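Two complexes follow with chain A in common, the first pairing it with chain B and the second with chain C.
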Partner chain A sequence: MISLSDVPFRTPLATFGPMVFIGLLLVTAPWWLPAIGLYQYLGTEIAIWLIFALGFNLLFGYAGLHSFGHGAYLGIGAYAFGLWQQNVMVGLWSGLAAAILAAGIAGAIVGALISHRRGIYYALMTIAFGQVFWFSAMKLHSITGGEDGLLGIPRPALELGFASVDMRSNVALFYLAAVFLIVALVVLRRLVNSPFGRVLQAIRQNEMRARFAGYEVWHFKWAAFVISAMFAGLAGGLFSMAQQSAYPDVMSLHQSGLIVMMVLVGGGLVSFWGPIFGVLLYFVARDVLGGLTETWLLWYGLMFMGMVMLRPEGVAGMLHLLVRRVSGERSGAELAAEKVS
Partner chain B sequence: MTYLLPHILNGLTLGLLFALIALGFTLIVGVMEVINLAHGSLFALGAYFALTVIGGGWFAGTEFGAWWLGLPIEHRYILALVVAPVLSAGAGMLLELCLRPTHGKAPLYGLLLTFGAALVIEEIIRLGWGTGEQNLQVPTAINGPVLIGGFIYSKYKFFAAAFSAAAIVAVWLFLERTPYGAIIKAGAHDSEMVRALGYDLSKLRLFVFGFGASLAGLAGIVMVPIWGLRPHVGIDVVIPAFLIIVIGGIGSFWGAVVAALMVGLAVGITGAYAGAWATMSMYILLILVVGLRSRGLFGRKSALEN
Partner chain C sequence: MSLFEAHNIQKRFGSRVVLENISLSFEEGQVSGIMGPNGAGKTTCFHVLTGQHQPDRGEIVFDGRSITGLPPQRIATKGISRSFQIMNLFDDSVVIENVMLALPEFRERRRSFLAPVFGDAALVDAAMQVLEQVGLAAKAWEKATSLSYGDRRALEIGVALAARPRILFLDEPTSGLGSDAIRNLARLVKRMRQTVTIVMIEHDMRFLFELADRISVIHWGQVIAEGTPQELQANPWIRRSSLGELADA
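Right after this comes the complex of A and B.
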């Protein structure tokens, strides 16, 4: 099986094409989404989950740290945004900053407690902390509104200094989410190809060796956790704007597991772009299969099981191998990887 | 103290039931090196199979079904106790076959596959048995209240605790006093050596998974009259089981039992003072224990750490 590090880095120029394509798709989404029988709000939802999934993959795919409680940070971002609007002030920038900060602080505390763990113990601790946050959100009625959550969160207008854009329409919100998605894409792409990203990949491949090479491994694991929690917080803030509410359901183990499924199915272990395929596939499955049958989760679950059994490299990995096969070029790393598997 | 006593008893009962669930889990982790997130779903399946056996299932409405429902509940219940775990074991073995391609890969893949399986099983339960809350009938002999020293207890809880304790002892005897148990323990310790000695490792794994699944099914039948039966129960149950084996130390038999009793007591005693936060206590316990001893109370180094 190939991994993220076997796929050579392509210069910004080489990825210019796909970037422009994604950009065009995003800009035109409000027109073509209803045209193919879907609805406007879906675009916003997908953009938000993409931010979450891409940030998550920094931790999951690049650093190889398997967090199964990441929904908690999305939820914390959502609550922070809502509480900020309701108790402090109504404002888009300050609300989103509060969401990112709150998720980052929660991630920093949890990260400090778990970054010395490895492998399955790391996963277990993330589950435990995720459940603690979820449970607290359910039980702290006076703050979070219990199982119903915070309701009636306003969508503040976007203040740009020279102009103010009303966010109450779904189209406006979609463009806001799309802009944040592009920012997230650019930031994360820079990050994973920076020396920092290389160290994370080294940790994934062999933590012991990375430590012997002189890196303070747990600082890097902690930083990866905090950064991905902050992206989750941003997604959460946007999510509570989109839903105009924040509720504990997004923090449950179920949701945290779904994001892992999306990233893996899409091929987050193989490619930076993997989570994009995964999120799209999930939402298409939900809306298209869900329209045909009540039990779409059964089919999605079976597909996921088949994927883990037969093609754990996901959609992106399959595409990558396909392109390689068509163009007939085989890299040394890939050959080595095939020999190993 | 008298205020706490019923809560402590409740906690111990819960702990024994947790131990029964965690035993199957820890066996599978030990031999297979797979964290089986579908364990709770096998637990739920066991309970639903029992529901079908007791209620006549697919024969309801036919002559045979009428005759079957005419039998005393005790007979039907005992048959359910035998048949349902066997069916769970079948489901477990099927899952083991699905897990084969993930052998030798990172433990993450086993975890992910069983997570997918948990989703699938939950949906199958929704399809087959409906989404609502159901009731598992129990024999009248073990149902109803009992008065001890001025307190009213449910008879069923005593039955459940005694049954779990007996099952735990039986599993321990099986593992410690029979040659099969010796092979399983050896498989957990060093599977390569077991293979080198001429035992068929894939059969061993199939058997252990089936055995663990049947324990889960058994726990399901005994536990759901207390917890209630809904399709979602699998996820509710797998988390405590999971916390328990981590607190106890992965792969340790007595570690699992001790940790289960600790978790049960923690939940019971927290419940006495702050009912809403009872479930939270087990997460706090996990974070405390694992924060102090990274491999749990009785844990040794395991292959899952890489």
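Right after this comes the complex of A and C.
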């Protein structure tokens, strides 16, 4: 059985294989997406949700901290980007920086208030704060536009110093989101295998022992919350660019539940790559199943229930089992030989 | 002055007084033993000395400075380490990582966000040295959860030792071990005592009397006798109690 805290394989194929595969998929997406009957915007949406899901899994899977109100930070990123464009200046880099910063600050405040809690109390506090942000977005009409949200958010051009790239086309926006996704993948992959990331996983496994090893546990829990909120903020900023609007719905409990469901179904509890499968499955189900029946959510929900009961390790865990069956069982010593010291 | 001293420690849980009035001192370079019947308050005493529980009264002094009331993570960084009676490992992680996480140099790098842990040869080597000491080098890359009971006990000590403490508290290290494993453990304690002060709670009297320089007997939340193993074996009060039979064993 795999787990998040396995020693990462350091053979070049294992380290770069999935990254290269994902990179190729992303680069060629504008050609193959229409070819299989899907549309370009879906690629952008998936890339954005992948950034959100991967950042969320740092908290949910790696740190074992169950946040059920994380949609709030996606929403804060979206509003911050929109408000920046409408009230400060039109600019892509500054707008995204504002989105990341705003979500990070909100995450820092909430994280400081909840990081001393554990289990059900932690989860309930995340819901409570998520609802506070959602309710504020609904009621602060003069700032957030209330239920309608912020409309007409511009898509600023990408200024690279030597060139300026127009972001009004969905293909250009997709590539921008794809680059951020690759950066998020590389940064998070390194983060979870850094001393900080490994301590976080130790805390998930045994908080008391981590304390006796000299770690100030709540600092790590707080930092994990802030970092994951910042990734949500980045995703939110890109989302408001994509939608050219920001609205309270992305902060709702429903959306927060959705990200949990995606991460669980994909296998975020056992694999770094899990959230990727979960997000893909959800969007493919929404568009393919949704094209066949209006009741697609019912079927998706049933699949989620079946997965939790029969295969709680999710898609990633199932794939791992399949690969092991195909390639044959290997002894622990053989596996250890591949691990670098 | 002793390396570690506890003065008039009292600990109660609700109306139940578990530690009535405990005073202990552990000399640098010695192996000190704590014995007593079940429920005497030995493990609670360890919990209080290492920060898991706060004492209601009394003072704990390490190396001339009060550490009374400090949380375990602060106490750990001062050079005080402990193992647990009920094993407390990072089960999902491999053996070597359990040890690495406790290394002081790993703790110093805790704010390193992007450097890969397993690519750091110095960290891996340092952890390997600890594993060699406790006899687990060959199982370094196995998951902690897959180890046998005896190996898990050894890892428990390895994790405590990895912190390179000045004083090491071992809570019933022989618990559940067979005679071969106990002999190995005795050899390990003899090696460890050359570099670290050791305090251990132990039920295996033969083990304790062979290794300890001084032993304190705790009963009813108090220290009822103290001395070298020979002094205790000669103590008439101890001889009359059930502990006397154990001491003769």
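Simple rule for what comes next: the second predicted complex is superposed on the first by the 319 of 341 C-alpha atoms of A that agree within 3 Å, B and C clash if a C-alpha of one lies under 4 Å from a C-alpha of the other, contacts with A are read in each partner's own complex, and residues count from 1 in each chain.
To be clear about the criterion, contacts are C-beta pairs under 8 Å (C-beta built on N, C-alpha and C of every residue); 3 or more make two chains touch, one makes a residue touch a chain.
Note that the coordinates shown come from a computational prediction; the quantities given were computed from them, not determined experimentally.
When the two complexes are overlaid on their common chain A, residue A:S5 makes contact with chain C while staying clear of chain B. In the superposition on chain A, A:S115 makes contact with neither chain B nor chain C. Judged by the touch definition given at the top, the superposed model places A:N57 against neither chain B nor chain C. Legend: residue contacts after superposition of the two complexes on their common chain; A:V132 is shown touching chain B, with no touch to chain C. When the shared chain is aligned, no partner comes close enough to touch A:T44: not chain B, not chain C. The residues of chain C lying in touch with chain A in their complex are 50, 52, 71-73, 76-77, 81-82, 84, 88-94, 97, 100-102, 104, 106-107, 109-119, 121, 124-125, 128, 140-142, 146, 159, 163. Interface of chain A with chain C (complex): residues 3-8, 10, 187, 190-191, 193-199, 201-202, 205-206, 208-217, 220, 332, 335-336, 339-341.
Across the interface of their complex, chain A is touched by residues 35, 98, 101-102, 105, 107-109, 111-113, 115-117, 119-120, 122-124, 126-127, 235, 239, 242-243, 246, 276-277, 279-280, 283-284, 286-287, 290-291, 294-295, 304-306 of chain B.
Residues of chain A touching chain B in their complex: 66, 68, 113, 116-121, 123-125, 127-129, 131-132, 135-136, 139, 253-254, 257, 260-261, 264, 295, 297-298, 300-302, 304-305, 308-310, 312.
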